[in-house]
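To keep things simple, chains are lettered A, B, C, D and E as they appear, and every chain counts its residues starting from 1.
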Amino acid sequence: MSAPLLRVENLRTYFHTAEGVVRAVDGVSFTLGPGETLGIVGESGCGKTVACLSILRLIDPPGRIEPDSRISLRDRDLTAASEGEMRSVRGNEISMIFQEPMTSLNPVWTIGDQIAEALRTHRSARPAEARRRAAEMLRLVGIPNPEQRLDEYPHQFSGGMRQRAMIAMALACDPSVLIADEPTTALDVTIQAEILDLLARLQEQLGMGLIFVSHDLGIIAQIADRVIVMYAGQVVESGTADELFGRPRHPYSEGLLRATPRVGRRMRRLSVIPGSVASPKRWPPGCRFHPRCPYAWSRCREDVPPLPGEARASRCWLEEEPARRTGGWDELALAEDH
Amino acid sequence: MNEASGRAEDRADGGRALTAAAFIPGLAHLRRGRRRAGLSLLGLALAMLAVLAFSFDRVASTFTAGRVDYWVAMLTLAGTLAAAWGVSLRAEWGRPRQRAEGTSQWAIAWREFNRNRVAVLGLFLMCGLYLATLLAPYLTSYEPNAIGDIAATRHLPPSLDHLMGTDKFGRDVFTRVLYGARISLSIGFVAVSISVTLGTVVGAVSGYFGGAVDTVLMRFVDMLISFPRLVLLITVIALFEPSIFTVIVVLGLTLWPATARIVRGEVLSLREREFVEAARALGLASPRIIFRHIVPNVLGPVIVAATLGLGNIILIEAGLSFLGLSVQPPTPSWGNIIDGGREYLVQAWWVSTFPGLAIVVTVVAFNLIGDGLRDALDPRLRI
Amino acid sequence: MASDIDRRASAERSAAGTTHGPLVLVEGLVKHFPIRTGLLGREAGRVHAVDGVSFEIQRGETLALVGESGCGKTTTGRLLLWLLEPTAGRVVFDGQDVSSFDRLGLRAFRRRAQIIFQDPFGSLNPRMTVGSVLREVLQVHGIARRGTAERQISELLDAVGLHADDASKYPHEFSGGQRQRIGIARALAVQPEFVVADEPVSALDVSVQAQVLNLLVDLQRRFSLTYLFITHDLSVVRQIADRVAVMYLGRVVELRDCEALFQGPLHPYTQALLSAVPDPEAGTDRQRIALSGEVASPANPPPGCPFHPRCPHPGKDETCSCVVPPLRALNGGAQAACHKI
Amino acid sequence: MTAYIVRRLIQAIPLLLGIVTLVFVIVHAAPGDPTAMYVHPSVSPEVIEQMRENWGLDRPIHIQYLRWLRSFLTGDLGVSLTQNRPIVSILAERIPNTLILSGTSLVLIFAIGIAIGIVQAVRQHSTLDHTLTLSALFIYSMPSFWLGLMLILVFAHKAHLLDWWPAALTFPASGMTSVDYDLMSGWGKLGDRLHHLVLPSIALGVASAASVARYMRSSMLEVIRQDYIRTARAKGLPERTVILKHALKNALLPIITLLGLYLPFLFSGAVLVEYVFAWPGMGRTIVDAISQRDYPLVMATSFIFAVMVVIANLIADILYAVVDPRIRYE
Amino acid sequence: MRRALIGSMGVALLSAGCGEGGERAQVADVVPDSLRYGGTVVVAYMAEPSSMNQFASVDENARELQNFVLFTTLIQYDENLQPAPYLAERWDTAATIEGLALTFHLRDGVRWHDGAPTTAHDFKFTFDRIKDPRTGFPSASLLALYDSAVVRDSFTIIFYLKRHPGFLDPWRRISPVPEHILGDVPPARLQQHPFGTESPVGNGPFRFVEHRSGDRWVFEANPDFPESLGGRPYLDRLVYRVIEEPTTRLSELLAGEVDVYLSIEPPQQVSEIEANPAVQVVSLPTLRYTFINWNGRRPLFQDARVRRALTLAINREQIVQTVRNGLGVVAKGPVPPFHWAYHRELEPLPYNPDSARALLEAAGWVDRDGDGIRERDVYRASFELRTNPNPTREDIMTLVQADLRKVGFEVRLRVQEAQSLRRDITSRERPFDAFVLGWGTDFRLDDRILFACSQFDGPFQWASYCNPRVDELLDQVTRLEDRSQALPLWQEYQEILQWEQPYTFLYYDVRPNGLRTRLRDVQMDIRGALQNVKDWWVEPTARRFTP
């Protein structure tokens, strides 16, 4: 793997609210290489969105990126960059697209204007030039009649079209990193497939690094080269897509895979991860997954398991005591039956 | 742990401070770290005792005066003291609340409200105001309408004898402001009650049933809203002679369309909510759905509107007084005290200024509370 | 666990189950919503939400209604429960035409057919405790006799995997999955035979989704329920359905046994839909049928086959764009609406 | 758009008819009639009767209503019974005055309110925000006539009595123009008018400005939370652009709705302010007309008020469409 | 000084300015007549003059503008309130069978502002319209005893009338209207003719420039005003402004934006004005008095002793001092002090609660149940006192309530909207107990509508008072032209009314006006604040608004 494009080390983003500190992202590290697709998967509330926003430093107060966190783009430390420098990074070197194309586009400005805006800000493009380039971008993301549609407003676009427009906007300045935060969740499956294809094609074409965030294991499996699984603000497992989906090592990844219904086959009964995610204000002590884990033993309740290494790792004491992996999800499924 | 033993333990725990807590209200709260509650209770009790101490004669004269408002003041005094002690003692002895109880949205809103310092300040102001109003006969040694030796007492500037000076008839302005508060606040309260009730019912019915009912009701609401409110008020009151009754009724009957609109808007969105659909799927009758499932959910905005409306009505009453269309002298209302003093603004600024300030402070208090409630009841803040 | 509810439910079932044939029969169901413009409310057009849907649901089976957003599946569910009145067509429940019910009849019908909603937040009244929601249902329908309500409530909560203590809590004190359980308990309180589950798991996280799906399956077995399971998620369908109806733009395009459908979808739309669903096991090597364009607006459906503008079928021709293909019965109990099959 | 405006105006007709009918009923149901102002020892009862007949007040009320309605629908607003002038000419004189005052206040309200609201939202929770919030609240809580009197006391009354008071901060207390207005040059006239507008428009507008600021603040805060603001920031736009371009236009939407709501409110407030500042506007006309039972004038002024409100709402809706491309009227 | 003035008012019918008159006269002498021309004067009043058309207006301020500014009347009253020639050079009378023929000889050279001469035909036209009931001239009763008018030539007009005292008085009040403009207007349309409000054409010292309703009337000097009547007025322009809010009026006067503040209201502002050297206060006696009417049909007020007791119990001096800031004279009866028939020797009833109580006891009103309120038979000494919305009267009511409470009367106050109050008190049923109002008298007094038995059901007999002797007196005084014969009858009338108190006469109103001192030769008196407006002038150095 070539030198990492983006490196996130020990990212911690806390929200200091009146009720206490919400540790939304709590020590996340990963790297992204050029042309690589990193999938981040996890259920709602696991901190994946906050992690993405932290990279662009778009966390609003009372949220704060804690001091020892380090985000570097090539060799620039973004956590230390001034707000002005950050602005020249956003939408220029790192772009982001969001889950809701419906609400992520400003309803009162035309699509063209919103795409051209980035160009005019970062490239100091003249209006005509920016407009031409915006039309080009729309064509690139597969929107027919781009010149005409530039002057339309977001509400005149369908959901899929809007997401395409969002992508065009994000890619207008040739970013080296694109962060896609659940870009297809709000879309129908057929449209989702189109967008996924589009993203894959564009990445190949433009050679950017892509961080793709989703709760849907199927999508991640389809699009990602490497995957990290997040739970309760932490990375619990990382590896290539094949490794992870073929042989999950962390009980959470394992449970998640087993609980996911498949279109390919009918399971006798879905496995279940009991309980639900704890409140981010009070993560459980020890391993944060232990209250829901079928393998948990006393050590899990007391000691925080480490995440050894980056390429292929699991934040679990089972890594040290593999012998304890007995029963597990199957037994749990049986227990639930009665 | 069974209940009996739990209580026994509590009592044993509180036993030490029992004597102190029994005499000093708020101590229990203070000991439990609830500083604000404790200090408020303590302050309240002290204030009541101070009233008792400083105007003992007047309190004592309750039994001979034969006037209702003296008895009301007496009841308020005793009631407030008793309540302060009661709450304090309950905090000391009472069983801690069982955790199994769910926390209702209202409880959460209250907690949220309590966090908002300025809103609580507004609440304190308002409570103080109402208390002062009820205790008026004890707080001042003057009668609001008593006219003595005018030549000697008219237009005296503020002093210790007359905290806010005297007016053109030598009446104590402080006393009149106190008694005027009764009128102004009652007008606000009753008018708001009328308009909120009417507005909620009309809005809920209109929003829930839609169709022709909605069209007819809303056209009527449009009509009332498209007419400058003060002009409408002036028209009706000027035509039918100003009095407390007219003012209350007219305000109550003209202010409801705003509430109706708010409620209707809320109901329209609630009607589409799945729990309402579920209620219909479960075969519940329309009145039950409206009043049990929908109305409690629109009460938030309605309460906010009502609180802000209270402040607003006090302002409107003042405006009507300016045109001589409100409560008639000598009965004091804040509006007509200002009005009575406005001719002498240059010579005796205090007559108009203090009731004006009373209005400002009161309206500010209501607005603070209203804003606090708005934030506390805003469903967007929670799930 | 042989509780009171079980016993009574089964007793009533045997009493009521005199007629045979499908529990629910839908014929030519049409629902158009007028589009009104201006304040005069002139009708400018109509949204063809449901455009001639017919199917039947057998007792004890789960029929899944699948389709993308705006295809009319939710409206169909509402029509079945008479929460909306159809523009045309009829709904026959247990042999009786629902439109013929008077007020009392409708009330009785409401006890036999219930609904579970998608939104775990919007489907519960935030101002009422779980207990009072259930108590109200029991009282209104006279199910609870004096003194038995509390026991029935705790049984209901128990049946959906909640604790009896939860009765005094408010909806916001529960997680999404738990709320969905409350919604299910509310539907079950009247001891229905038929339940429309409208995207009951779409808003839930995967781990919780599995819990609720399993619960639904269990409850169906325990109370011999009949489900109409509305969803856009084909993977969930495969897990729970006996038969599947695929909808596109207000019409059913394919109606088949579940396994058969997943093994070999007939309609080009179903094929595309199935191929578009990502599957963690299949990896990246699956062949996807790419569709182009967007779903047409139900306010302005295309003439002919509603799917023809996007249809990847190589044999697409004039007929497709002119003639609406009827839902035809094919071999093996399959039905599909396509000229090219 | 034109068709829409026409349709809206047509739809307003029943509303307006409803209002004037309501007013007609209320006014006629009330005791007293316009001849009362002629109840004077030198006026004989026969004269009064003659007047009643001249004015058609001797007819049954429904006949009066129909007669009034007929002439009203033919565009004849009648003659004021107390001012003895055609109502049209009274209105022609008064309406512009009211519009000048309300218009200036409106501009003031929205310019100041929006600016302050934005500042507050951007600096949420800062000392500046709290100070502005609190002072807005205080201003909002003042009765407008009281504020007007205080303004006169300070800026007109005391200002003339105090030697050190800067002349620039001295304003006329009453009227729309100086007595020597006719003798002024073009710019002088404009200056004189503006000078006379200062105090009344402040008295009329400042409370509403405070309230617009409050709405603007919360609207702005609401918008700032939106996804598209995050998108704009993620694009690397300067904060200024994010706020003034992306947030402002969206935040203005609810404020535009306020516009429609504020005009009736302004007209109401104008009644009091017109009295305080001797402003010859509609507010005083209607109050005087009511107290003198000048029936045709009451009807006409009520009608005009209602029309102004209808038009204000229409303008608000049109503005709404201008700002929000999602709304199209056809 | 102000007090002194008021005290002497009865004697000196006229009073003008303050004591500085002497100094001012000297300054005035220094400024030669030719330099007095120029300048604008702004007059402010609380209400708008309704119309310049006398057929339509009833308000006093409109009449002042009509008579003194825009039009010229046939006669004027001189300083002793004696008729003096004005537009009429002279007049003579001749007895006829019916009564009297009154011939006016008009001055030549008086022109309407549009250039047409004012002739006897205009007077004939005016007279005919006044007598025409279709016109609805509000003060038609002024000429009730006039029969007809005949034009002898363009400058001579003869009126035929029934003989009565003060028969010239109407011509002080009635101005002519131009026949050449209004001649074709149907009488019923006269009141609403734009002449009154938009384009009045007069023949007086000032001509109409502009009227902005609710704001101002603007007049400018009439350069053609005949020398014989005083010639062109000194002032270039006269602006009559309407300012309702008292504080604003005061502030505008003190700021110099207003030169004349007519009727300082509330009177407490007087002290503020007096404190300022640039302004002065001129207090005028008026034709008005303020009173409480007792409804004689109510059992409570049927007994004259009770009414007298009520008057004794009301501290009227205090009312004058408190409410009117001393601007008023405690009243004895319905004849105001400026009037020749005023009973000077009569002492007003004193403030004496003790004798009031005694009288009440004597009349059978005793507090039997000890609640502080007296009773008699089934009646309780409790009544409703009303007034219209008017700060002064509301204040009076408040004081009366407090005073009467001290003698065991409970007074409920009610401020009733003017129109409905008027309807109530003029209705035959008299559905009220008592009210506070003001009454405007005239130089020609006729109190029959107030107190005559014949008027018992009339619109103004609010007291429902009937005393045959009073009827007799009132009839006689309206016939007697010789004042020395009439005076004793007038005095008896006032004595009876004081004894029987159908009203409690509170005080005779005094009207304070504020003036900028730069304004010179202002002679305000009972004839009107504007009566010599054509002689006003502004110190040349202090003129503002000069082109």
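As a working rule, contacts are C-beta pairs under 8 Å (C-beta built on N, C-alpha and C of every residue); 3 or more make two chains touch, one makes a residue touch a chain.
Since the model is a prediction, treat every value here as computed from it, not as a measurement.
A.B. asks: Enter the minimum step count from subunit A to subunit B; a value of 1 means the two chains touch.
C.D. replies: 2
A.B. asks: Moving only to chains each one touches, count the minimum steps from subunit B until you reach subunit D.
C.D. replies: Steps on the shortest route: 1.
A.B. asks: Using the contact definition given at the top, which chains are in touch with both subunit D and subunit E?
C.D. replies: Output, common partners of subunit D and subunit E: B.
A.B. asks: Give the identifier of the chain nearest to the protein's overall CA centre, each chain being represented by its own CA mean.
C.D. replies: D
A.B. asks: Report the inter-centroid distance (CA atoms only) between subunit A and subunit E in whole Å.
C.D. replies: 90
A.B. asks: At what distance in angstrom does the C-alpha mean of subunit C lie from that of subunit A?
C.D. replies: Each chain's C-alpha centroid was found; their separation is 32 Å.
A.B. asks: I'd like to verify one number: the distance from the centre of subunit B to the centre of subunit C, where each centre is the average of its C-alpha atoms, in whole angstrom.
C.D. replies: 50
A.B. asks: Would you kindly tell me how far, in whole Å, the mean C-alpha position of subunit D lies from that of subunit C?
C.D. replies: 54
A.B. asks: Counting only residues that touch at least two other chains, what does the list for subunit D look like?
C.D. replies: Within subunit D, residues 30-31, 149, 153, 157, 275, 291 contact more than one other chain.
A.B. asks: Touching two or more other chains, which residues of subunit C qualify?
C.D. replies: In subunit C, nothing touches at least two other chains.
A.B. asks: Mind pulling the subunit E residues that touch 2 or more other chains?
C.D. replies: Correct list: 247, 250, 417, 420.
A.B. asks: Using the touch definition from the top, list the residues of subunit D that touch subunit E in their complex.
C.D. replies: Touching subunit E: residues 30-33, 36-47, 50-51, 54, 79, 82-86, 89-90, 93-94, 97, 149, 152-153, 156-157, 159-161, 172-176, 178-180, 183, 275-278, 280-281, 284-285, 291-293 of subunit D.
A.B. asks: Show me the residue ranges of subunit C that touch subunit A in the complex, using the header's touch definition.
C.D. replies: Subunit C residues touching subunit A: 68-69, 175-178, 205-211, 213-214, 217, 232-236, 238-239, 258-259, 262, 272-284, 286, 288, 290-292, 294-295.
A.B. asks: Which of the residues in subunit D end up touching subunit B in this complex?
C.D. replies: Touch residues, subunit D against subunit B: 14-15, 18-19, 22-23, 26-27, 29-31, 137-138, 140-146, 149, 153, 157, 264-265, 267-269, 271-272, 275, 283, 286-287, 290-291, 298, 302, 305-306, 309-310, 313.
A.B. asks: Which residues, counting only subunit B, touch subunit D once they are in their complex?
C.D. replies: Against subunit D, subunit B makes touches at 219-220, 222-223, 225-231, 234-236, 238-240, 311, 315, 318-319, 322-323, 335, 338, 342, 345-346, 352, 356, 359-364, 367-368.
A.B. asks: For the complex, which residues does subunit A have touching subunit D?
C.D. replies: So the residues of subunit A touching subunit D come out as 53, 56, 58, 86-92, 95-96, 98, 100, 103-110, 117-118, 121-122, 153, 155, 166, 169.
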